[in-house]
Structures are given as structure tokens and as C-alpha cells.
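These are the structures, in C-alpha cells.
First chain A sits with chain B, and in the next complex the same chain sits with chain C.
Moving on to the complex of A and B:
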């Protein structure tokens, strides 16, 4: 047992010192807490009068003149011979460990110090933070949802639409579908991980690829903005991971609520920089991370391979890149590989499933109306992507970012529900992803004139009134409310996160504070900014709630009515591809343009 | 001691308040300061001028994606762009 004297070097008591006294007592030590506002001489006199004291803990909260005050205390303690028998630590808001060391204190405890750290100092033990101090488990975001409909009219319409989509798509084929089949059937990930090659895959794969992958496999030529990592860099990454993992622990952002789980994105272009960013995100509490790939990858038939780094936004999808990132993830981290647009949609799901992803992203409406892929190709590929998502047990969000182009929420939601209904019929597990955004529709129609709460809440109310399905607002929440000011940006993210928590949704995707900055890549501290802000938002909210006004209910009704009308029009069209071209799920006037990548590549399979 | 800049994962931000007449002057001051410190890949991320001066954040990218990062290759001398 140690005998510890605790003294505030302030005119008032420091609550931190009281908490430390309590912690020391619980650890079995004797403590004496002196009153505030004593002079340095009086504290030293108290030590001299208490021969059993072996540790003195001082606290200082006020920053003004702290250097001079502490230097004088050390001088007095030296002169009185106290230092020879008493260990002295100093802590508090005004203290930095480097200042304490410079002045000759035995320890300095700055803001954020844990009681355990101080107990270790008193007991003369080295402080080793428990790497498992926060045990996080990987959740299933779809758990507890049965996808039953609560709106009979919408359910009946979706059934009709899914029926004609299934009838149309069942015998359709594309090069992307075939590559996915090859990857699924011929590529043994475990053999590949053991460096035993790709089997016969590329023999059949190459004829189905566009020029870039063909050149890569035939001549080794890369996309102009990519390069291979060197052996030294790969070895350096291994060392970096080993060192970092040895001291890694993860924070938990949620306070007393279990949800929402928090995702952020990565995709600097460089998988090694991504790993650095992911580790920082995990350490600061991200529950999941989302892989962003470059837009040219979505317009290319087929994947490259190898450790490739890319100079611009988006990290190239290759088996080696994904595998390297996978091996760097914490066990509790949910990992999403997006397959919502482009010519590699079904193969992306197969790769994601084989390498170890937990989630993917599929929406043929968004992919064809706002992400450049031909509608016919996108529907066919997305259908097969859903089948693979089922096979590899990958739930997927159905993103509605076409709203950012100007498509009204009710149309984007109609598309999301069509995709989700089809997915459920195929046995997959979709997650609804409404935008929490200051979208063009909102701006034009002044739907957020008063607050950012009602329209976002109205979206969630509408979806909850239609189907019992998981909801994951994104992507990112607060889209178009961020500015380049990091305080504002972190604040708007935290407030939208708190609204999401209050609405009881399952997950959210957040941006960094670099969201509105376009001058360069997102930086690691910008990711930490919003994670910290969200943690504080959750702490602030607890089990409390944000109460939308009655307007939210009116918005929900308007969205629900709009969805039903759109579905009616799609039924009249009788053809999902025609519906997409006609603008029923987002028109050119609303900023949705049917994509052209992959046009004319869908074929009807002949019966064998 | 290893050059501290080499331990920066990607970029270094500097926030301050310049006493100046307008935002443009504040931006020039920030860029001049960062360049004066020897950084080449610099930018102003955010600036807001009100009466007395500008609240401003400048950024120096130590590494861009696909560079050789010294925190990954501590023995490599070609990493930093300083």
C-alpha cells in the first residue's frame, strides 16, 4: 500500500484529482486530499509533517503562469529535501508530459490521462494499455429484419415489377456476368494466397476483357497513372503493420446506444496509404470502412492484378490490393466493397466474397442513371451480382445517390425499393440507404429552410412505413452541408450522426472534414476529426432524442405517395430498362442521364 | 533523430489567424509562410475573413498517394519532398 498526498495547485478543487484519489483508494492505497488554494510552501510543509507519504500528486488546471509556478515548486521541494523520499507527479488540464519532464517532475499527466495510468505511476509499474480494452464484435446489420411489407399497395406493385424483371433477365448474358462466373468457378483464393497461381482463369478471362486489362496481362503495361509497389515497400508495409498492430486498440464511438454503426470511406489511390488511413479510422472508432475505386475502373471490362498504386482518387480493385487491405483490417471492422456501378459489378461481388468482405453495394438504378453504366447492362449485371451476394452471404446497401444529381427522393426511393424487392426474392439481404443530404431537390423546393432534421427524418419515417428492413443513411450523411471549415464540417457530421442515432437507424457513412476540400487527397487527421465529432455527438445524445417537427410526417406522406405513383408508372412501362430510359426513376431534366458504358454488350443466351 | 516530417502520414495542416485586410492577403501570407518553411506542395484548405483578419488553415502535403512514404521505408532517403 502506498501513502499518497494529493494537492491541487489551484484556487478551486480539480475534479480529476478527486477521481484519482478514489481510484487509488479502490486500488488499496491510502490517500490524503489537501484543500485547494494552498501555497507551495504549505504543501511542502504538509509532506515534511507526514513522514509516511511516498507519493505526491499535484494538479493544475489553470494554464496562466503554470511554468513559473511549477518551476518554483520543484526548487522549493529540492531545497526542503522532499525529492529524495517522495515521488512527485503533476497532472491536469494545464499540464503536458513534456513540460513536466523538463521541470524535473517524475511524471506528467495531461488531458485524457486514465486513472489506471496514475495508479501505475504510484505503484511503480509500467503502464501498458490493454489492447482489448474495447472489445468490438462484427455485427450483422440485417439481423432482426424480415423484410415484411407494411404498405400493401407498394408491396403489390413491387411484386409485379420484380416479376417482369425476373422474366426478362433470366436468359440475359454479358461479358461481366461471364467473368464473374469464371472468377467464381475457376479462381481458388486459398491456392492464390499460397502463391499457387490462378489456375486456368486468365486463359478464359482475357478474351472477355477490354484493351487495358488485355495489355496488362499480355505485355505488363499498366494504366498510365498506376505503378507497381517495390519489394522494399511491401516489406516496409509488413514491418509497419507488425509494429502498429502490437500497440493497436480500437475506440467505440457509441455511448449507451448500440447503433448506429459508423463507416467511413478510404480510397486515396494507394492501398498502402489506405491501410494507414484505415488503421487510424479503426483506432478512432470506425466500425466499418468502404472501398472507393477509381471511376475508370468502372468503365473497364475486367480487373488488373498485382500490388498497384494509383496517383489519383480511388484505389484500383485487384485481388492483391484487396487481399493486402483485408489482411490489415482489425477483426471487428466491417469491410464494404462497392459493386453499384460499372462493368465489373458481379465479379466485384465474387472477389469481395472470396477475399473476405462483409458487405457490398448494389443498385442498378443509381448505376445506370447517375454513374455512367448502360441501363440494360446494369440491370443484367446487378441481377447476377445479387445472386453472388446471396451466395457469399454479403448484405448490400442500395444506395440512392442519384438524389445528388437532382433526382427527387421519392423517385430514388422507388428505384431503391425495386432493387431491394428483387434482392429479397433472390434470397439476398439488402439494406436501404437513404441520403441525409441538402440535395438539389431540397434546395429548389426549400425543404430545409428551417432545419436539416425534418426531411431526413421524413425519409426514414417513409421507409419504415413501407418495409421492415435495415436502414443505413449515407453516403456520407450531411452531404452538401459540409464546408472547408473543419469545425463546421465536423459539427454537421456529428449533428447528422446524432439525428441518425435518434431515429434508431442501423448504420451511417460519414465523411471526413476534407469532404468539401477539392485541392488534394483526404488526410488522416481529417478522418479523425469527424470520428471524434461523432463520438461526442453520441455522448451528448445518449438515450435522448431529437424531435422532428410535424412537417417530417407530411414529408414522409409525400414521399410515400410519390413512390407509389412512380411504381405505377413503371408497371405501365412493363419493362425496367425502358422505365430507366424514359426517366420514370429519374429524368434528364432532373439530372439523371442513362449511362453508355457497356451499351450493346448484353446478349440473350440460347438454350443449350 | 529522424526528421519529424518523415513521420507525417500524409499532410501537415497549419491553422492560424493573420491580421490582414482581406482573404486574398491572408491566403498569400499562408502560402508564403509554408513555402518559406521549405514545403513545395502547399495549398489553403480554408480561409474566412472578418473585420480584424482571417481565420485560415494551410496544408503542406508531405506525401501524395503513390509516393514513397518514409514512415513505411525509414531507411529510404527519397521519400520526403522537402
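Moving on to the complex of A and C:
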């Protein structure tokens, strides 16, 4: 048992000390709490009068000049000879260990100090923080889901649709599919990492590429907005990583719930800056990060190579860029590389799998209706991408961001379920990604006139009533509720995150507070804004819940009915590509335009 | 000149931002130039990029190959210099244990050394065992107590303490007065007796009385002492500190006492920490009139004063601090008029003269293993 004297060096503040005194007593120590507003000499006198005291805990709210006051206190204690037998700790809002050391205290306790930390100091034990707070493990977001259907009607329709898609797609191929096959079969990532080259991959690869990559491999000419990193920049990155990793620790945002896991996106164009952003995200608690590539990458047949920086947002996918980013990641961080929208979809999945990503993103409906890729090409490429996702054990989300163009949720969901059903039949692990957003559909139909809860909750209710599958709202949550006001933006993200937690979903994607209005690359402080806000949201909610109104159930019913009708129409069309062109999964009037990139590139394999 | 020298030098500041680190850097630069070996450490922690309290930048110490630094583990990890550990100690600080390192490639470093007097003494002895040189203890904030273990101090003061120049020079005079207190005649005998609590010693050096505490903090403490008969030429020895209340009570008793008495403190820092130098000056003047001889057992002389015209001015409208300066020449002259040691503005004058002065104080280094016959 230790004898601890606690003294506030403030006129009134002693609440923190009272809490600590209670904690110390519970740990079996004797405590004496002195009243506030005693002078330094009076506190020293108390110590001299109590020869059994072995620890003194002081508290003070720091302001200008107080540093000197506290140093003087330590001086008095030293000169009076009490420091040899009494340990002195100081706590207060502005105290950090470095400041305590500068002032000459044996320990400093700042904001966020746990009672256990103080008990350890009093008992002379080394404080080991709760490993759950800092040692994070990578979760499998699909664990515990068996993809069984709870809605027999929708299940039956999806089976029919998958069946005709499979029948149609099975002998189709495209340059994208062929490049993925070459990357899968001819590219040995371990040899490449050992700088032993790419084998004869590029001999076969080149004819399958469009002009930009061809020029690059033939003449070394890069995309006009990209350049290679210099040797000094690479050395700088390595130094930066070494320095930062030495001090790095990760944070857990979740409070008493395990889920949802929190993802944010990076993609400044510069992989060096991305690595900095990822480290900031990890340090402030992100569980996963999402690679965002430039839009021209999706319209280009083939990848470039080398460690490249891009002067606009979107970080170019090259093996070297991905590998550098991979090497910078913390072990616990889930890494998603999006493959969903362009002419490199299957090869992106292969590359992601070989380099070490944990997740990818595939949706041929979104890719062809809202991202500019020809529907036929997109379906063929997505089919092969799913097979590779299975091979490389990469679960993928099925994004529904076509809603942002104006496609109603039930149509986007019908598309998401078609993709997911097909994926499950191929042995892959899809994750449903409804949008938590103030979407055009919501605005036009005034679905969120009263609150932002019911329609988002209705979406989750609808999906839960259809299939037992993981749900990962995105992307990002609260989209179109954000403004350029960072406080507002962080707040609305935190509220949507709390709703997601209350609904028990598996993961969420959040934006930075400047994402919608940055006019350029997003900034690290703006990422920290939303991570901190979400952490506070989770802390606020705990095991509590947000109760939607009855309207949420009505919305869910409406969405489910809508999905069933859309699926019925797709079956009538008898052809997924035709259904996409006809607007059954999102029409031109709704802002969905079937893309043209890669048109005419699908070929039917000849019988061998 | 021979460099078999031995000195431990304290850099004490009267407040944050009075230029301790600048003075240290200048002294170190000058010693390096002259090839004089030194060990650099600090009392507590210093050298942060940003001032912890005001948020304004502070100089970080640049070190060069061959420099010897004693600092805590975390500072070694974050230093940009290449360092070779030459001695590990078990002196603990909140930033890890103190090690002595030799700089192999230049860079910036933060120093965090021991913050208790007893540990400053231990480190000093370890460094002395290691080899000759000047051990420089850069004081953190206004920490003064651990300076008792040094051979002398350079006081860094300036507008950061108060931008009121007359007040600052007057306060410096009070500090100078205390650090110049003479060593009492029977100092060696008293040191050998090793009193750790307040004691009354008869003129024949026998102990009349000893109280259980090291310090005089209340009127009652003082009344207890004077409740007994005190012989003329006795010593009242206070190893710890004395409070303002006790000073006033002592004055009341001694003014009626009217006999010669030696009032002995362990060292000047015990009086400086109380922060009531003004009252102590009044006491010592009144005591001198009453025939009381005030002195110390260990002298910690003030060798020089450095002045810094910088201060952080608080802006109420933005609740931030901004850099401001008082008139540097006026400040230096005003302080110089009040003290009988040299006063330097290091930024303007450099450290050559200060180092000349420091060198006059060094002793000859001998290995602690030296055997005398």
C-alpha cells in the first residue's frame, strides 16, 4: 500500500484529483486530498509533517507563468530534501510527459490519462496501455455471412439473371481480360520485388495496350501530367518512413462496439503524399484506406510502370506505386484498391492481389452507367475480375454511387444485387455498399425532409430483408450533406457514422472535411477532422441506438418492391447488356449514361 | 594550454525564454573552437522545437562531431545527429534513462538530463570518472535547486522574466546578493557533521539541539528554536528551505536576541528557490545590524549574467503571444550597474569573454582513481 498525497495547485480545480484519489483507493492505496488554494510551501510542509507519504500528485490547469510556478514547486521540494523519498507527478489539461520532464516532475499526466496510468506511477510499475486500444488486427468484413436469401422472390429472379449472364459471358474476352491473364500468369511479384525484372510479360502485354502505355513502353514517354520521382525524393520518402514508423502507433476509433470499421480514401496524385496521408489516417484511427486512381486511368488500356507522381488528384496505378504504398502501411490497416469502373478492372484485381491488398471494388452496373465504360466490356471484365477476386481472396464492395448521378436507390440496389449474386455463384465474397447520402432522388422526392435517418436506415432494412450479406455504407457516408464548413462537415460525417453504428453495419467509408470542396487534393488535417469526429460519435453512442421513425420501414418496403420490379424487367430483357442500355438499372433521364470506353473490344473466344 | 580541467557549470534562467539555450550554444561553440573538452547536459528537459507554453519557436541545439552529450533515451532516438553511446547510466527521467553519447555526424539534439539535485551530483561524478572537461548543466525553466551541485552558475535573465528593466535589474541584484553570501567560518566542520535537519550548534561545535525537519516553514518552527537558551557564537544550521513566514519570525526573534549568531544555509540555492529574495535581503540587512552572520556551507557563485531583450507579448485580442524586445543596451547597462560580475548580451557580443571568465574557474582534473601518498 502506498501513501499518496494529492494537492490541487489551483484555487478551485480538484475534480480530476478526486477521481484519481478514488481510483487509488480502489487499488488499495491510502490517499489524502488536500484542499484547493494552498501555497507551495504549505504543501511541502504537509509532506514534511507526513513522513510516510511516498507520492505527491499535483494538479494545475496550465496558463502563462504557471510553468515557472510549477518549476519553483519542484525546486522547493528538491531543496527541502523531499524529492529523495517522494515521487511527484503533475496532471492538467496542457501537461504532456515532455513538459513534466522540462518542469522537473517524475511524471506528467495530460488529457486522456487513465486511472490505471496513475496507479502504475504510484506503484512504480511500467504502464502498458490496453493492447486492444493500440494493437489492431485486420478483420475479415465478410466473416459470419453466408449470403443466404431471405426474400425468395428476389432470390429466384437473381438466379435467372445470373444464369443468363453466365451463359453469355463465359466465352467472351477483351484486351483487359487478356492483360489480366498475362499479369496473373507471367508476372512474378517476388522476382519483381527482388529487382529481377518482369519476365517476358511486356512482350505480350504491349499489343493489348492503348496508345499511352504503348508509347511509354516503347519510348519511355510518360502521361503529360506524370513524372518519375527523383532519386533524392525516393531517399526522402525512405527517411520519412523510417522516422515516422519509429514513432507510429495506431488508434482504435470504436468505443464499446466492434463495428463499423472505418475507411477513408487517399489519392492526392503523389504516392509520397499519399503515404503521409495514410499514416495520418492510421494514427488517427482509420481501419482501412482506399486507393483512388485518376479518371484517365480507367479509360486507358493497360498500366504504366515505375514510381510515378501525378500532378492532379488520383494516384496512378503502377506496380511500383502500389508497392511503395503497401510498404508504408501499418500491419492492421485494410487496404482497398478500386477496380470497378474502367478498362483495367480485372488486371487491377490481379495486381492488388499480388501486391498485397485486402479488398477491391467491382460493379459493372456503376462502371458502365456512371463511369464511362461500355456496358458489354464492363460486364465481361467485371466477370473475370470477380474470378480473380476469388483467386486472390479479395472481398470486394459493390458500390452504388450511380445514385449520385440521379439513379434511384432501388435501381442501383437491383444492379448491386445482380453483381453480388453473380459473385457469390463464382465463389467470391461481395460486400453490399448502399450510399448514405442526400442523393438527387432524395432531394427531388423530399425523402429526407424531416431527417437524414429514415431513408438511410430504410436502405439497410431493405438489404437485410433480402440477403444475409455484409453491408458497408459509403462512399463516403453523408455525401451531399457536407458543406465547405469543416465543422459542419465533420459533424454530419460523425452523425452518419453513429447511424451506421446503430444499424450494426460492418464498415463505413468517410470523407475528409474538405473532400467535396477542396478544389484539389484533400489535406491531412481535414482527414483528421472526420476521424476525430467519428471517434467522438462512437463514444457518444456506445451501445445506445438511434431509432428511425416508422417511415424507415415504409422506405424499405418501397425499395424492396422497386428492386423486385427492376429484376423482373431485366429478366424480360433477357440480356444484361441490353438491360443496361435500356436504362432498366438507371436511365438517361435519371442521369445514367451507358459509357463508350472500350466499345467494340469484346470478342468471343473461338472454340479451341 | 592543458585540457586536464574539471568544472561543472550551471546555466540558470530566471524564467523561460531568458536565453539559457542560446547562452549554452554560444559557450559550447566557443569551447569547441578552442578545443576544450566539455559534456553537455541539462537539468530536466530543454531544446524543444516549440516552446511548450507560448507556442513560439525556441533554438534547438546543434551539435558537432566529437561533442559529448548526456541525454535521455528518447532524445537520442529523435536526434538528427549520428551518435555513439559511450556510457549508459541508470539515472531515470520521464524521457528514459540518461546515456552519454559522442556525436559522430552533426545534427540537432534535445537534451534531457537529471532533474533532482542528487542525480545531478551522480551524473557529475560519472562524467568526472569518464574524463576531464567542463560539464555544462543547462537549467530547464527557472529550476535552480539542482544548481547546488555545480561549481558556479551563469545566470540568464531578460525581458521574458519582466520587461520592466529597473525591476529586472533589481531582482538580479537580489540574486547576486544571495549567490555572493560568504561561506561560514565553521563550514567544513558542519559539512563533516552531515546534518540533514535543522540543528543548533554550540560555539564548541557540539550539538545543542536538532529538530526532525530539514526546513523552517512556519512561525511555530522558529518559535520552537527560540524557546531555548542560545549561546553567543552558536550556529543555527538550516539544510532545507525557509519560508517567508519563517523569515519574518526569525527576524522578530533575532532583533531581540542581540548576540552574535551564525545563520548557516546549505547553499545559496536553498534561499533562491523560496522566490522571496526581497524579503531575504531585508532580513540579511536587519540581521547584520543585529550581529547575525548569514552564510552558506557550500558556495555556488554566480560567475556572470547574460541578458536577453526578448519577451513574448500577450495579445488579448487574439489570445496569442508575439515576439517583442526591450532596449538591449539599456537592459545590459541597468543590470551591470546592480551586480559585481560581468554582464553579457551573448547574441551581440558572442561568448569569447564569457568563456575566458569560465576558464579562470576550472580546477585540475584528476582521475577519481588517483591514489595520494
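Following the convention adopted for this analysis, the second predicted complex is superposed on the first by the 487 of 608 C-alpha atoms of A that agree within 3 Å, B and C clash if a C-alpha of one lies under 4 Å from a C-alpha of the other, contacts with A are read in each partner's own complex, and residues count from 1 in each chain.
FYI, a contact is a pair of C-beta atoms (placed from the backbone, for glycine too) under 8 Å apart; a residue touches a chain by one contact, two chains touch by 3 or more.
Being a predicted model, the structure only gives us computed values, none of them experimental.
Of the two partner chains placed around the shared chain by superposition, chain C is the only one that A:78 touches, whereas chain B remains out of contact. Contacts of A:107 after superposition: chain C is touched, whereas chain B is not reached.
Touch criterion not met for A:352: it reaches neither chain B nor chain C.
Touch criterion met: A:276 reaches chain B, while chain C stays clear of it. In the superposition on chain A, contact of A:20 is made with neither chain B nor chain C. Using the contact criterion defined above for the overlaid structures, shared-chain residue A:523 touches chain B, although it does not reach chain C. In the superposition on chain A, A:240 makes contact with chain B only, not with chain C. Looking at chain A, you'll find no residue that touches chain B in one structure and chain C in the other. Across the complex, chain B meets chain A through its residues 9-11, 13, 41, 43, 45-46, 48, 57, 59, 61, 63-66, 68-69, 71-74, 76.
Interface residues of chain A facing chain C in the complex, by the touch rule stated above, are 41, 44-45, 48, 62, 64, 66-68, 71-72, 74-76, 78-81, 83-84, 94, 96-108, 246.
On the chain C side of its complex with chain A, the touching residues are 15-16, 43-46, 48, 52-54, 72, 77, 93-95, 112, 115-118, 140-146, 148, 196, 213-215, 217-218, 239-241, 243-245, 269-270, 273-275, 314, 321. Residues 226-227, 232-233, 236-237, 240, 268-270, 272-273, 276-277, 280, 309-312, 483-486, 514, 517, 519-521, 523-525 of chain A are the ones touching chain B in the complex.
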